[in-house]
Each structure stands twice: as C-alpha cells, then as structure tokens.
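See the structures that follow.
Two complexes come next, and they have one chain in common, subunit A, joined by subunit B in the first and subunit C in the second.
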Partner chain A sequence: MATVRYFAAAAEAAGTETEQVPAEDLGRLLDQLAELHGAELARVLSCSSVLHEGRYVSDRSLPLAQDAVLDVLPPFAGG
Partner chain B sequence: MMARVTDDQTIVAGVQGHPLSVDEALSAVRHPRAGAVTVFVGTVREHDGGREGVTALSYSAHPEAESRLRRLAESVAETDEVRGVYAVHRVGELSVGDLAVVCAVAAEHRATAFEAGRRLIEELKEGIPIWKRQQFDGHDHEWVGL
Partner chain C sequence: MTPVPPLPPLVEPGEPALTPEQVSRYSRHLLVPGMGMVAQRRLLAARVAVVGAGGLGSPVLAYLAAAGVGHLTIIDDDAVDATNLQRQVIHRADAVGVPKGESAAAFVRGLNPDVTVSVRHTRIDAGNARSLLRGHDVVLDGADNFPTRYAVSDACVALGTPLVWAAVLRFDAQLSTFVPGVADAVSLRDLFPVAPRPEDVPSCSEAGVLGALVGQVGSIMASEVVKLICGFGEPLVGRVLLVDALTQRSREIPLRPVGAVVEPVEREQVREVVPLPEVSPQEVHDLLTPSPAGVAQGAAPADHDPDALAPTVLDVREPAEHELGTVPGALLVPVGEVLSWEDLDHHLPDGPVVVYCKAGPRAQRAAAHLVRLGRQDVSVMTGGILAWIEQVDPSLPSY
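Let's turn to the complex of A and B:
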C-alpha cells in the first residue's frame, strides 16, 4: 500500500490529508486517485508535482514499494 | 527558523506562524563589510488576478519548506560580496496589509544587493512549497496558481 499525502488544494479536493492506496507504479496510482476522488482532484493532479523520497517524480512507470510515501504538491504560491 | 552566523556572513531562513518583522531582518543581516541592504516585503493585497474583494488569506507550507528555503538562502549567500541573507515566510491566517514574506540581502555594494535580493524572492516564489488560499468577500475561495 502506497501512502499518499495531500497538501493544500489537493487535500481539499481529496477530502483528506492522507490515505493508503494499493498501486504497483506511479501511473496506476495517479489513475486510481483520480477515480477515487473525481474530477476536481484529477484537475489538481494534472498541475501538481509528486514528491517521492525527496525527489520529484513524473515517470508513470516508476515502481512503488509497499511502503512508498508520495506527496502531492499543487503549484507553489509563496511570496 | 534557522540561523547560521559566522564572522563572514549571517544566514537566516524560516517559515513562521507569527507576524514578520522588517526590523528583525535588517538587524539580522547587518555587517561591518556591507554597504548596501535590499529588503523585499510581500504583503497581502485586496485583489488578485483582476478580481477584487480578497478579505483574508491563509498560507500553508510543506514540512520541507523551511529546509528548502535554507538551502536557497545558503545558495544566494555564496554570491561574491554577500554578507547577509534573510528569508522568512509567514504561514497561517493573514489579513489585507499583513506581511507575507520578508527577504533581505546585505552586500558590500548595491548592485550585488539588488541582484541577489531579486534572485532570492524569485526563486522562493518558484521553488519553495508554500500555498496560498484566498478568501473573497462573497464567501468563495480559490487556491492561487491552480
């Protein structure tokens, strides 16, 4: 089970800050998240970056370990 | 908040829930070798993206925001002639006019202070995981940048 941590607009769209989702790779994980939570989260995901073990990942074929933790980061707006 | 103070320079970076202070930034970067200090203050405005009626906003940050901001401040501090770098961002609930971010750079001469100060705020906006939720007077809200 991968652990997904949502931030800001992603947390609002998902209705939660964290959840566990079974997925073998990044692509299938993202597809599942959009399916679970609907169009608004899909929209947020489409412009978010994903942080995995301290690095930004975008390759959908990236394999995910059972204990993987992924952070969904919407576009930054500091300043 | 982290601070690294050596004889050569001072670096302060942080994300904090209480009000920011320009005086604190100025005294942090003060250095006998510095002949110029630039300060950037980002404030909450009552309009955004052509829309009026922003009444409040809240900033939130990723747990790694502070360490990333520290690395950015350290990188700017590597610039030749820079003697002090201060970059602190506010999180939590803010009102119109409140200070959202304070950046300061002290350098031996003004050209460096301006250039390094500009780089600091631009790279902060670009790369530090901080989010802004704007509340409008009609009770709706939006996430900036989305």
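Let's turn to the complex of A and C:
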C-alpha cells in the first residue's frame, strides 16, 4: 500500500490529506487516484510535483514498494 | 528524518563592538541562548537581498531590520497598489502609487538607523539575477511568479548563496531553505523541475490569500535568515515545510535532488493549442445590448442574423471575484468546474459563448476545454474583466 500525502489544492480535490492506495507502479497509482477522486484531482495531478521519498518522479514505470510514500504538491508562486 | 546540524555562521562578526545603545536595542536577542554579542555583530555585518517587497517581503524586511541586519537590498519593480494593503503591512495607505522598494526602504529607515538599504526598482530575470544578487550573504524569495523564482534560484546556485524560499496561496504555504554546497543540496529545480504552465499557477490576485498567513510565513523566513547568519539551530534544509492556515497544521516533507534531467515530454503532449477567437469588451457590450427589434438573450428567431444573437457570457472566475463585479447577466462557473465537465449536456444555453476571467488565462483554458468537448462558437473576451472595467464600466472596482 503506497501512502499518498496531498497538499493545498491536491488535498482539496482529493477531499483528504492522506490515504493509502495499493499500486505496483507510479502509472497505475496515478490512474487509480484520478479514478477514485475524479477530474479535478486528475487536473491537479497533471500539473503537480509528485515526490517519491522526497525525490521528484515522473516515470510511470517506477515500481512502488509496499511502504512507499508519495507527496503531491501543486505549484503556486504567490508572495 | 536525520537532523541537520547547524551550518557554520554565514557571516563573520563585524567591528567594532556594540555601542551601549545597540546593547540596549538588541538586548532581547543578546539574551537568547546561542546568540549574544558575537551573533549580533554577525547580523550587523550581514548583507541580505529581499526579492519582492510584498506580502512575504513585508514581515521579512520588518523583522530583519528590527534585528539589525546591517544591509538590506530590496528588489521590486512594482508600485504600491490599494489591493496590497490587506497584507503588505509595511506599506502605508498614503504610499499607494509609490514604488514598493522606496516605500519599503522608508519603513526600514524609520525602524532602525543601524540598517542601510538599497533599492533596485527592476524586474529580476535570468539575465540580471546574478549581478543583482552577487555580494549578498543570503537571499529571500518572496516574488509572485515562477519565472522570477527560477531566475533567483538559479542565480543563487551559481553564486553559491543560500536562498530562503516561500510561496503562498489562499490558506497554504510552502517553504524551504536551499543551501548550495551541502550534501544532497537542492534548489527550486528539484521541487518543481518542470516549469508549470502559467494557467496552472493561480496567483494571489486571482485566488486570494489570507493576509495574516503571509505574516506567519514571512516571519518563519526571517527566522531562517537569522539562524543562517549566526549559525545556530537546525535550518529548513532538505525539507519543505507546508503550512495550512485553515487547519493550522504544518507538515514537512523531505526534498532530495532530482536524479536525472527531467524531460517534460509527457506533459507537452497534452498541451493542445486551440486557436480561439477573441472579442473586445466593447463588442461584448454591444452584443448584450438589446437591438431595436428586442432580441432576447439566446432566443433569436432562426432567420435572425447570427451576429446579433446575444451570447451566453461565462464568468470562469471564483465566486468571490464574481461578487466584486461582473459583465451583466454573466453565468458564473469557476474554471475548475468547467474543466471537470466531461460532456456539454445541459451546462450552458444554446448559442454563442463568450468566456472571461480576470485578465485572460483562465478564460483561454475554459474556452479551449469547451471547444475540445465539441462546443461551437466559443470566444474569449480580450483582457477579461479588467479590460471591461477600463473600456466599458469604470464604475466597477479593479482588483
């Protein structure tokens, strides 16, 4: 079960700050998240940074361990 | 997460020793364990650059000036606007229209005569960032857009200068301290390696921001700078702090260097370019004004000239923006909701559609989505409500 932590607009779109989702790789995880939460989260995911154990990832074939932790950070730049 | 030990102090203590007035002024810092006389002399010898004298820049400048940071360089190309006063607390109501750097410098001078200030009334970019930031011990980024933020981050990496970085929107903030040269050093390029499309980055002027949140976050930035200059505590290095003012919870996540060069190929593929016709606010106004024949909106007879058919005006801003003033009769559907539509069923009346937002990017996005769904006759009102206010209805408040 990968743990996904959502922040800002991603948390709003997912309706939760964290959840556990079974997925073998990044691609399947992202597809599942979009399916679970709908178009708005899919949109936020498409422009967010996804960090895996603190490192930016985009390769959908990246295998995910049982205890993988992923963070979803939407970009914003207000100052 | 392994604690990062304190980094060596960034600044050597300056001469001479503190005057009795300075001992008195800075006494509450002198009493703090780990600070003291030497740390205060480091602060007085420090040179700090602050990018953006806005929401984050305000508390940053106030606390760094009060702490006696010897020299502050303020870089901002903007002028104080009435909409800034809700959160940019160093600017006074009578400074509206004055360059922000000048207004901020006046505040700093009034607060602490120990601090010298220089103002750069210029927009920082990849071409000038290094020369503007060179010669500073630490840089703070409180800019309001990604291109500036990348330019600042890249220049700090090139110069080897630590950067305290933060961004805010609505109730949320992200913060980190990027220190080049430490093990596993990271920069903004490791957090957001792919430059977001402008329309994917909501700005405070579109989405709003809680005023006190920028005070909270800017104060954390100022604390980071004092810690770095004096060399105590555990800096926010290799971690990103995420603040949610709505729940008043802070979380932190690790940040490690991006392994390989990131190719934004996958995302490029979905960037469809849909050419969209534009109409000026004046044309929209004319289309909405009933003709002598009394054509009602969307109900023109079939043989009527389609050019005269009143369009459905779609406002894709947020409800709070809509409340500030709208094109008469506009239908409010925030851009996020439009983008979530998977078909055209029953969402909009028949006939032409004119989409607008504050200035254009969100309208472009929503209109492109409608076209992708198969909607005919979709156009964008050029320049959004700001252009409408300027050209058609100056009685509405600009924001």
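Assume the second predicted complex is superposed on the first by the 78 of 79 C-alpha atoms of A that agree within 3 Å, B and C clash if a C-alpha of one lies under 4 Å from a C-alpha of the other, contacts with A are read in each partner's own complex, and residues count from 1 in each chain.
To be clear about the criterion, a residue touches a chain if its C-beta (ideal position, glycine included) is under 8 Å from a C-beta of that chain, and two chains touch if they have at least 3 such contacts.
Note that the coordinates shown come from a computational prediction; the quantities given were computed from them, not determined experimentally.
Subunit A has more of its residues touched by C than by the other of subunit B and subunit C. By the touch criterion defined above, A:38 reaches subunit C but does not reach subunit B. By the document's definition of touching, neither partner reaches A:21: not subunit B, not subunit C.
Within the superposed three-chain model, A:56 lies in touch with subunit C and out of touch with subunit B [touch as defined at top]. Looking at the shared chain after the overlay, A:77 reaches both subunit B and subunit C. Judged by the touch definition given at the top, the superposed model places A:46 against subunit C, while subunit B stays out of reach. Judged by the document's definition of touching, subunit A residues 7-9, 47, 51, 54, 71, 73, 75-79 lie at the interface with subunit B and also at the interface with subunit C.
Chain contact summary for the complex, subunit C toward subunit A: residues 52, 54-57, 141-146, 149, 166-170, 172, 174, 190-194, 196-197, 200-204, 207, 209, 214, 238, 240, 242, 244, 251, 253-259, 262, 266-267, 270, 336, 339-340, 342. Those residues of subunit B lying in contact with subunit A across their complex are 42, 59-62, 64-65, 89, 100-101, 121, 124-133, 143-146. On the side of subunit A, the complex with subunit C involves touching residues 5, 7-9, 11, 17, 38-40, 43, 46-47, 49, 51, 53-56, 58, 71, 73, 75-79.
Touching subunit B in their complex are the following residues of subunit A: 7-9, 12, 44, 47, 51, 54, 71, 73-79.
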